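By letter and in written order, the chains are A, B, C and D; residue numbering begins at 1 in each of them.
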């Protein structure tokens, strides 16, 4: 009996494996009425929360495009996999999308910079365009020489840091306590901040923390010894809530500036920090404050439409920045595809993206060029504040 | 030297250490009963904290009621864990049980991810949000409660192991089914009780942890491993050792965060684990035989 | 110094309990020396001290004139001292042939890394060991069992395999710890023949045994342990008639045949 | 007489050899079944798992000591190779040699520190070692590229010949995997492997015949590190990008569980385990949200169904049938045999070389 089961198991594993290889030798690559777009986001594993938001953003874009009749009559056939935060799984899935599923274009790089960096050589090697939704600038730089087919719809940390520095200068802040987490998100920002701040005459004191940490008071207290005027955390994890609570607990009522990076722009996080989050200042795309900015801003209607459609689609949930970035990435791809007339050749798409001029998206007005595959500038960054119940722009 | 920072480091260490201690005690209880390492322990913490917070946040259940319900749910999960491991009578060695606990931990985590829809949930402290100021340092009121919980749990367990019949059996068993038979108790019965106790301890740790941070489906795994390091530090299976080990590990991490390279703070637990196994494998207060003869 | 095993002044205490007290005895080459005594007399501890599983507090264990390092079991094989165990210790999951080949382990000199490439030397070595093992199995009538997993054998045969494994070490001294334990009475005779055969080959045999009939029938010299001390020693006949022995075993009263043969 | 001996002498060895030929055969046949670029990529991944598991099998399956350091060693090999190539411009061939050497040295160090521990404590020491390595990959940003990973690893090349074609990449990994299987097989059928197994079965008896557990186990652990080092270097040159996430605790656990489920201690265990790992990966990808749940359930069911592993269970049935055939008409009944089994110290009782079963004893 048990022998039968084990034999069965062995055989089925073998069969399944060879079937997945055999059955799909690039068979359905060129079906005329659809365009296959592949996406990886980590909807399980450590960054699952974020990955889920990104998936929703991309999914919304696909639904909208298909509902509008697709791209020149071709519907998007969307292929989605979950690498669960693991780069080698992502590499395998990227190969699967390109070699087996017949994916013609990839949007979304797994939700972590490491994964996007791992995917880029594969997509580039096959001449496939790749529009990433991850932060690290190495994904697309240097654009013209090394990454001609790869774009991203996120802010370079450089842009964010420049905006921060301008903000600090305007508020006469010269001493900053910086707490990045030890993930790639925090580390990339740390590199940029420690590179750019000294040039601007700002002294940065850094203490990193583990994203899984449950108490950050030693770091806060230690940094407090340097008398900083502002505390800035850089994380996408719930540890940011602990940061806010601990900061309030250690510093009491002192009126230092409490800041977070764009990874933490999330209503839920802010609410969960309770009173400790009130007054927190964040650098962010304009999306969270779309209803508080000048209606003459060309981005305003785009953001409003997106926020409304998203809330409608996902039961009243407010989109966060990550959902916006994924939506933008998909829409940039669609715009380029419309320009090429549905041709998915990597170089043609890349040319089309670079020729889009200004693509007004929900997280910024993208201006891609041959040398800039990020497309966002300091003008797209807003400084916002949590007033205890919602985000508002800071003048 | 900045005494404020020193006090802060110690307070932080005690705050996190109390949680580690509760987790470590749970590891010890299961180890004594089955000889296995229960990798589900960290997930009990997650389920306890996350379900309490979800009940509170999503269904407006009063905090205390939510905590009690969460503990009950986690205990149920503990019973189910025992069934999943031993209910089929096929896993007989500590090593195979240990491996099966990993599978169960993965299942619980995967289910929690879907049920919580990957969201984070917060739980307020039953003592309110305020913080305590101690000689220029500060900590949340919850920390005091957590320390108290850890001490009470350890004392209660120590008494339980020494004074009650079930406790003596559990302690004497140490995973040896033959010994158990001479006691006239079945292996399954003691194992089930051990899982009930361990799950309850985990849930309490989770409910105590939630107010310090926020809970998500991912909150348990690393905490479990660190709690295990604490258990080894104090001596696996010894409740008082677990308390000491937990607090010391917490303080060691805080010292690294406050004085050393903060980015390496989470390496501390595992370096401690390696060091203690190399230098004194029975832990500082342990009696178990860890080295081959 | 004479050939065989010489134990001098061995003492061992666990906590406050003195298990062995100044034990001195000899097991000369080519003869069978038995150690008997009631439960708790320290027989097993003595076997463990000799074979290095227990470190004695005092005293020496000497094989063929060389003092053995206390408490280092794995050095015994190189000194040609083999032992069997009271509870059957065979290598489950391995065939009978492999079990016996393991006995030759310490006689094989090839390096472990050489085994990775299985060079000609390693292969020749293996072939020799297997041939020797096979010859031993033939001698003890186990040739039909060579490729059976050892745990599939009846208990008596498994015990025999353990003994053959010891012989594969080409030992000069052998310590047999309760070889008759658990065996049906019918197996006693072949066992006695096997043990006698060892002595006939020139091996010094130290037989630790409960079964009086076996002990009395094949031993040349019997040592009686009681409460960790040598109570008396002598030929089987002398020992059997010693009043102290009878008392130690049974308390006051006559020893019955039944008791003696168990 | 002579002939009969030769025949029966070979039975056991031939059976192990058969398992070796299955392994090598599959490595040759699988790409023929499906030779698209994607399937070759999958087979390459499978072959890397095979090398990892072959190494793990030596310490876990044969020596009976579960190691949770294999993922960390895998990562160390990948980083050693990647860093050699990227930061020090060493030729890939040199990096492929450097990586296993580095990992072996680290494994020996960890082994020296932890080898005297009882099994479960040893396992936890390896967990600690694996975790420290994993965390260091993420923290030593200057050297490893940190959590973002190490970019710019060149493809493998010998002389001017670059291994960029999928079939060549597969061939490289497959050849080394086959070589690794042969070496592992040599070890298993030699006295060294015999002694390692013996330790799992009866420690006192093994000591009594003079086998040094410390040295033998250290050798097995060092070798498991060597295999992980080779696998790591191959992973680095195959993916041409490495980041810490690949070498985390979960990977360590998956490797151990896959080996247990497929048959620790058997020659054929690693290839079954590698097929299982790649199979689940491919299969689960279609169920994104439920992947962890599916994974956990599969492993729990598998561990409960095959505590000795699939190969172990098969072997038990095989042995039993053979014994029954051989024993027909003989005096010794099965009842007495079972008695023997109970008296021996194995818990796995009925005949598997079920090393994993003995680990905790």
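Brief remarks follow.
Methods note: a contact is a pair of C-beta atoms (placed from the backbone, for glycine too) under 8 Å apart; a residue touches a chain by one contact, two chains touch by 3 or more.
Bear in mind the structure is a predicted one, so any value in this text is a computation, not a measurement.
In terms of the stated touch criterion, the partners common to chain B and chain C are D, listed by label.
Centrality annotation: D (chain centre taken as mean Cα position, compared with the mean over all protein Cα atoms). Centroid analysis (C-alpha atoms only) places C farthest from chain B.
Chain C and chain D, compared by their mean Cα positions, are separated by 38 Å.
Chain A and chain B have Cα centroids lying 35 Å from one another. Between chain A and chain C the centroid-to-centroid distance comes to 72 Å (mean Cα coordinates, whole Å).
Touching of two or more other chains is recorded for residues 43-44, 182 of chain A. Annotation for chain B: residues 110, 113, 263, 266 touch two or more other chains.
In chain C, the residues that reach two or more other chains under the touch definition are 53. Under the touch rule stated earlier, the contacting chain pairs are A-B, A-D, B-D, C-D. Taken together, the chain A residues at the contact with chain D in this complex read 2-3, 5-7, 9-10, 13-14, 16-18, 20-22, 24-26, 43-44, 80-82, 84-89, 91-93, 95-96, 98-100, 112-115, 117-118, 121, 136, 138, 182-184, 187-188. Against chain A, in their complex, chain B makes its touches with residues 2, 4-5, 8-9, 11-12, 15-16, 19, 110, 113, 117-122, 124, 129, 131, 133, 137-140, 209, 212-219, 222-223, 254-255, 257-259, 262-263, 265-266.
Within the complex formed with chain B, the chain A residues making contact are 43-46, 48-49, 51-52, 182, 207-210, 212-219, 221-222, 225, 238-239, 241-242, 245, 248-250, 252, 268-269, 271-275. Residue ranges on chain C touching chain D, taken from their complex, read 51-53, 73-78, 82-83, 85, 87-95, 97-98, 101-106, 108, 110, 112-113, 115-118, 122, 125-126, 129-130, 134, 146-149, 151-155, 157-158, 162, 165, 169, 182. Against chain D, the residues of chain B that register as touching in their complex are 35-37, 84, 88, 90-96, 98-100, 102-111, 113-114, 175, 221, 225, 228-229, 232, 263-264, 266-267, 270-271, 273-274, 277-278, 281, 289-292.
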